[in-house]
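What follows is a pair of complexes built around chain A, which joins chain B in one and chain C in the other.
This part shows the complex of A and B:
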């Protein structure tokens, strides 16, 4: 290799695709993809609030109060909508990702997805029963 | 046999670990979080149902249960590894190429580790262990 060719090789630039800032607003599918990615933020905020609730319990009965304000309920409702969207999109993926056979026959993806949603329902009933059952 | 093919077959354990945390965090978030938000964030505050975290005595009592402590650790910690990955790639998709850099990876995944450590510390210090 000549010195010129060597220099030209070193100067080879990496192709960087330039996407316009609003690319995800062009199509409904792109927008929903970005909403799915964004669900992480409200869910993280709500879990941080739960962590704060645990911290407040450690400060003693005199510092404790149960949040009941309208802004808090609105915040929770917004987080719940994003949480449900995350659940639907994530659990539906199981039908695409999981492939296995029972008695040498492939399990239909619809059945796998149904089992995921069934597990979600059972878990929600059990957790809901504990949260409500231990309340007064 | 030369050493080269063996080196090429070396499993990417770090990659495996972070993808495992991402997928498990996503699953935990999908299955567990909605009912907590519905009951603790909406139905309880609206007074529709009695909820364990509405009174100090019931809340501190259930926080002392070791199974509840382990459950809350999984509920809070694992999803943050999922969130870290999603939010970092959200920034990449929005054109923030710096989100691919190692320092930003350290901030996001390190944030999930910090949340885990804080959760462990709170669960160990807030309520004494009790099986009652």
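This part shows the complex of A and C:
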């Protein structure tokens, strides 16, 4: 910036509007973004609880009891819904983020997204089978 | 319907008199379905209130000058049809996240500095003489960056970006999309020179992927995509030693 332009710029009094605290309520897109980001919180809480359960189980069978109270089941179902939403939004965005070429042609985003969901499904089946298998 | 009318509410701010912007209503004729918001502003300036200030130039969605917030959404006013809002009122405010100079005119200085900081031109390690001929490209090579070259610097993406609104240090969507445009260009050799700016904490890593920048872009550029792909590329360059070589 030249000295002249600098002086002219300094002379101009501008008004800088502050970002309102409720900016994320202004648009549906912003709101869904906040929901997407928020879903990480119950997920983290549930994982912290899981770590605590592992710690208790590590102290011996006498310290462990399977949590089956109604509030805990409700909390887990809510966490599951948040986890599913978080996974869904994350995998859907993979088509935007990942970019690579096969035989000099870019792989279509839809195919990348489909492959991510496919991998998610396979991983879920494998983990589910392992957990059920160990549970028996 | 010769009597059809529409209410335009426009931001007024005189830096010499006002402490804060205010809205002023104008009830104007709406005789033609093809009228856009910019036509309404021009009518007000020509027939109602000559002191209303705003930027505009081409009237055809090319120059990117007439970006304003129309009923809460950043838009090119030359492409926002009044018929989409009538019979409701149309509220025209300056682009969000920028300082207001006067009425609907915002200070573009920060944006211009950011644009310049990513060196939006083709950088060569060694310039060849003109006689050496053109830098030829295949259609596939052009397709790699073409989308990101459509930006008209209208700043709608900055107005839609809450990250930029909360932290003006963020390099922002258009500048990063333009950096990607040149980094993907087979003729360019300046990626390493741009990296300190785009891979900085105020660069791509400031973005939390709201994605509204891509929604409001009038030219179909996808700045959110450019930012996320740049994150991936810079990460790969950081992890893989050979990635740092050009």
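Definition applied: the second predicted complex is superposed on the first by the 119 of 136 C-alpha atoms of A that agree within 3 Å, B and C clash if a C-alpha of one lies under 4 Å from a C-alpha of the other, contacts with A are read in each partner's own complex, and residues count from 1 in each chain.
Assume contacts are C-beta pairs under 8 Å (C-beta built on N, C-alpha and C of every residue); 3 or more make two chains touch, one makes a residue touch a chain.
Given the structure is predicted, the values throughout are model-derived calculations rather than measurements.
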Chain B versus chain C as contact partner of A:130, first or second or both or neither: first
If touched residues of chain A are counted for chain B and for chain C, the larger one: B
Which superposed partner A:40 touches (first chain B, second chain C, both, neither): first
Chain B versus chain C as contact partner of A:104, first or second or both or neither: second
Touching partner for A:114 - first (chain B), second (chain C), both, neither: neither
Overlapping contact positions on chain A, where the chain C interface meets the chain B interface: 16, 19, 24, 37
Residues of chain B that touch chain A when the two form their complex: 26-27, 29-42, 44-47, 49-63, 72, 75-76, 79-80, 82-83, 86-87, 89-90, 93-95, 97, 115, 118-119, 122-123, 125-127
Footprint of chain A on chain C - complex, ascending: 13, 15-16, 18, 20-21, 72-73, 96-97, 99-101, 107, 109, 140, 143, 162, 165-166, 208-212, 215, 222, 224-225, 228-229, 231-232
Contact set on chain A toward chain B in their complex: 16, 19, 21, 24, 34, 37-41, 43-44, 46-48, 50-51, 53-55, 57-58, 61, 64, 66-69, 72-73, 75-77, 79-80, 83-84, 86-87, 90-91, 119-120, 123-124, 127-128, 130-132, 134-136
Complex contact set, residues of chain A against chain C: 9, 12-17, 19, 23-24, 26-27, 29-30, 33, 37, 93, 96-99, 104-106
